[in-house]
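Pasting in a structure now, in structure tokens, and then I'll have a few things to ask.
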Amino acid sequence: MSAAKKKKHNTEEYLRMYTQMVRIRAFEDNANQLYLSAKMPGLTHMYSGQEAVAVGICEALTPEDKITSTHRGHGHCVAKGAHFKEMFCELLGKEEGYCRGKGGSMHIADQANGNLGANAIVGGSMGIATGSALTAKRLGTGHVTVCFFGDGATAQGLWYEVMNMAALWKLPVIYACENNGYSEYTRTEEIAAGSLTARAEAFGIESFKVDGQDVLAVNKLAGELAARCRKGEGPFFLELDTYRYHGHHVGDINRDYYRAKDEETEWKSARDPITNFGKWLIDQKIMTADELVAIDNEIAADAEAAVKYALDAKYPDVREVDMHVYADTAA
Amino acid sequence: MSAAKKKKHNTEEYLRMYTQMVRIRAFEDNANQLYLSAKMPGLTHMYSGQEAVAVGICEALTPEDKITSTHRGHGHCVAKGAHFKEMFCELLGKEEGYCRGKGGSMHIADQANGNLGANAIVGGSMGIATGSALTAKRLGTGHVTVCFFGDGATAQGLWYEVMNMAALWKLPVIYACENNGYSEYTRTEEIAAGSLTARAEAFGIESFKVDGQDVLAVNKLAGELAARCRKGEGPFFLELDTYRYHGHHVGDINRDYYRAKDEETEWKSARDPITNFGKWLIDQKIMTADELVAIDNEIAADAEAAVKYALDAKYPDVREVDMHVYADTAA
Amino acid sequence: MTREITLSRAVNEAIAEEMRRDPSIILLGEDVAEAGTPFKVLSGLVEEFGTDRIIDTPISEPGFMGIAVGAAMTGLRPIVDLMFGDFLYLVMDQLCNQAAKTHYMSGGKLNVPLVLRTNMGATRRSAAQHSQSLQALVAHIPGLKVAMPSSAYEAKGLMKTAIRDNNPVVIFEDKLMYNDKAPVPEEEYLIPFGQAHIKREGRDVTLVATSSMVQVAEAAADTLSREGISAEIIDPRTIVPLDEETILRSVRKTSRAIVIDEGHQSYGVTAEIAARISEKAFYHLDAPVIRMGAMDVPVPFSPALEDITVPNAAGVADNARKICRGELIHAA
Amino acid sequence: MTREITLSRAVNEAIAEEMRRDPSIILLGEDVAEAGTPFKVLSGLVEEFGTDRIIDTPISEPGFMGIAVGAAMTGLRPIVDLMFGDFLYLVMDQLCNQAAKTHYMSGGKLNVPLVLRTNMGATRRSAAQHSQSLQALVAHIPGLKVAMPSSAYEAKGLMKTAIRDNNPVVIFEDKLMYNDKAPVPEEEYLIPFGQAHIKREGRDVTLVATSSMVQVAEAAADTLSREGISAEIIDPRTIVPLDEETILRSVRKTSRAIVIDEGHQSYGVTAEIAARISEKAFYHLDAPVIRMGAMDVPVPFSPALEDITVPNAAGVADNARKICRGELIHAA
């Protein structure tokens, strides 16, 4: 590849990463607004602040590669290629949602783009991701599966069970722990003894710690590991340092008792993945500030339009209530 | 303590260890015989070959210290102080058994001696042992709990969950893994990736590997760790290399397809914990060969008498069938 | 007049009172200490009892359930806080293979005095993994007791009894009722297990209802009474042990019964209660016992679908009218 | 004449035939490969299909169940071998929160075609943690199908159907029946789900029996026929979906029913079936439906106790006699 072509190529990649991070942030800002204005049923968990993790990783994957997601799953969903319209429809329980409104925020899945779904059971998708990797190995598809989960989820025994099997069977799966310092209202130190990377290494799994606010660093590492997975060198474990800007869920507004305002301000002002990457793009003269603002604005408009569409969209027919309990089986 | 007194003291300890190991072997030989002659209901898992583990550890404990046991639990039960009569009665489902015949081999418990029970769920007692240690810590009893389990049980996620909490809360519990090389008909290497001690260490738990056929080595280490537990320095993990002489259970007779005869012979002839300890006692002039034979014979007679007693003992009354489903609660 | 407090407050009081009385009681679960649980039910307890007794755990449901079993076997009386009833699946082994069977398997020598407090209830837009009402699963397992408080009053009295019970007890609180108020005496009281409460007396039809379905039954009974149909409401309060006698006495009087529970209908709580009524009050029944459980579907997220999956007052009234009028519900 | 083979052999054949037909089928569990399971049911499969498709797992039930769910969602058709039904508690989360709900939660987009084969049945002196019959638990969860073969014939036909089904199916084999022989055709056949089998026709009383209880019912029916009582035996074969129609048709004819299942009686399978009969054949019943489940006690080890905890032929015959003679079983 010529240098110019390579630069062009990289520029496209950079742009996509920037765009995808901004799209996640825009999606979450709107989702939060929907909740605060009582237009969204139930509650939901904001991904804002963690964008570089989902985007850095998913941009290293193909659409056929799989991911499993969590209760904090909008970011993964957007990053893996989902559209705003179907996502907002799902969050509002509308028929045009990815799951016809039956799943909602905590179960949003986008099978067409390889997103096997959010999961409301902490750690609940660890087996699923590992099984997806077993399929890839057995069928020789060359697909990689990334299993996203939080620091809190490392307390679930299931993880150790599936790591053991993934290691024994050399499955193409990457366990990606988004360590945002908290599980609900508890600091990670209080619920995690020892070292997370050592836990994976004890099973013979090569492990890495990376700055989850640095989209390029995440993307580079994820790209390398995905390639190694395809060569049969998996599984891998990745601990990504990151931070959630909002409360544990949208309703968790008063959080002084467990988390200092200063800490929040620090992360937001010094380590924001979008701001910092934007600055870098400008510094490197890849983009101008105006170009970035134009992108931001376009995405904001897209999100707004999608929200409006979703608010007006129709609910599933009540007759759908007992559809999809069982899949049809060809006779 | 004077040298003479110390020697005397040690001699008593050595004798107890020898005796307890021989008692376990005698118990198992009889249990096996009962099975082979179709006098025992169900099936059972022989502890023969692993005696130094149970005895080395339990001799380092007080009667108030607790243990949890496994499906292969007769050895732990004897080592923690149980009597032949009540044990055989339990194995035969008789009313005078430790559990009135309701538990049987896989659930034998001896609460009076701190044995919280065998468990037919592999790994099932890991939480129980950890909870027992929580009681000790909370009530300040100074008791230690030892959690016995096999190499196969390390695949259960529960272990990682409770290790994490034991480490966070500094509980006085010792996880003692009897690595006998097999879980059922599968070699440990095939089902355990990485390193067992590293798995515990990853939680910040100090870990040790010890020759499980050497009763003195086991006893010494267990004594040190129990003392440290009492000082609040627990938890600990212990991997004990050992071997089961019989099949996975009494009915597992033809095992060539998964385990070589040579391997069995090698362990039995070169590494038998009783033979080797007996030799050492003679070498050290602590006991004579004749004295040991006398002990062996006495124990054999005891066991035989207990078997006879148990065979003649009566079954629980059928009216007991729905007793003990619920404990009474004082009004 | 007795003061009114919320169900949430009632649970909090019950636990606090018992913990004051008995130092062997501890409570453990996720975010139970400083956070006082996501539902804020336990707020204030850690301030009074400290982190030695109100213990925040990692997200390890099987693990802390197992720890509770071991603690209970050795002298503590743990209360396990399981944040959502849907997580019961994760603790089933420790609850059903260990806690439930230990007393029996040990021939009565080991006790497991623990309380598992958790919740149930749909229509909160929490979707399929945070909305289940799984009481039938644990009710099926001998060795467990199962309580289903229907108001703040029951929540307090049953919780205190549960804590003093020497067996594993599972308590299901309806998460939609935490803010519902009811009169709760200042003085101490306990509600014995296995004693149903006749919530309302009536002549024409018996409504056996659990937990929040008692409210549903009451709303239906109000409607019915305006139409001249007198409904008797029985709240079993504990489904294990089940106060069969009180239920049967009522049905023998009214000759008609509707059983309402928010768990899935098939192989659920309504089946057991209906089967017992049909068997043991057979000759008194003027019509088949009607069962009203939740639909046999995972709980859908969409508000347009979720509400129709659970029994409601209009449906109960409708069924009551039909059997009272002698209409055949099914071409039976 | 058709050859006779054991139930064990029938299961083996079903799996082998399907694995030959469809390369996406894999099987995983503990000691399933070289050992062919402790019950030796799967002997020979690994020789034919290799360790890529017959996969020995560590002792990690939740883990390999979860792996099976993920594999099923992405293109394989896994058969999970759960060595004892009592270990169901360990896989409940992956089975009930994940496998059972995925199709629904995804609005029909994701499928989970997997089979969980496990066992049930007491009287093997295996005590409380290796003797349970837990079919009621999974039958309660929408999204799962549940099969209970009563002979080698059913075991083969139902297994093949289960493997081809696009949903999670749980199959309970009675571990005491592995060596029981029955005629099984050489030719391929499948048994559709939701189609009960009229095992024996009769006039006077309907015996609805699952799994090995069909044998118990047959023994009872033999006794009864010598006394001039003609019993009809219905084997539902799958309890989800349940062939209500065939059961009701029989009861409408006989006017009397006994439901027999080896799970605990309370909140168990007999409750659901009895409740449906009582509701939907109400006007045809001459006597209350009798339920015969296992006693509500953990399974005791002692041979002196264990056998009396499960329904037996004498008990069934006794009850049948009583309702046929019009004796009131309960002072109802």
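The first chain written gets the first letter, and so on, giving A, B, C and D; residue counts start at 1 in each chain.
We take it that a contact is a pair of C-beta atoms (placed from the backbone, for glycine too) under 8 Å apart; a residue touches a chain by one contact, two chains touch by 3 or more.
Treat the numbers as computed from the prediction; the structure is a model and nothing was measured.
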Top of the farthest list for chain B, CA-centroid basis, is A
Have a look at B-C versus A-C and report the one with more C-beta pairs in contact.
-> B-C
Between chain A and chain C, what is the separation of their C-alpha centroids in Å?
-> 37
CA centroid of chain A to CA centroid of chain D, Å | 41
Compute the distance, rounded to whole Å, between the mean C-alpha positions of chain C and chain D.
-> 29
Provide the list of chain A residues touching at least two other chains, using ranges where the numbers run on.
-> 99-103, 107, 119, 121, 124, 155-158, 161, 164, 168, 190-192, 325
In chain D, what residues contact two or more other chains?
-> 57-58, 60, 62-63, 86-87, 90, 93, 97, 104-105, 127-129, 142-143, 295-298, 300-301
Residue numbers on chain D that touch chain A, as the complex places them = 24, 26, 52-53, 55, 57-58, 60, 62-76, 78, 93-94, 97-98, 102-111, 113, 142-143, 145, 164-167
Spell out the residues on chain C that touch chain D in their complex, using ranges where they run on.
-> 86-90, 92-93, 95-97, 100-101, 104-105, 127-129, 136-137, 139-143, 239-240, 242, 263-264, 266-272, 274-275, 278-285, 287-291, 295-298, 300-301, 328-330, 332
Touch list for chain A against partner chain C, complex = 41-43, 93-94, 99-107, 119-124, 152-153, 155-157, 183-186, 190-192, 257-258, 315-316, 318, 320-322, 325
The residues of chain D that touch chain B in their complex are 30-31, 34-35, 38, 56-60, 62-63, 86-87, 90, 124-130, 295-298, 300-305, 308-309
In their complex, what parts of chain B are in touch with chain A?
-> 155-161, 163-164, 167-168, 190-195, 198-199, 201-205
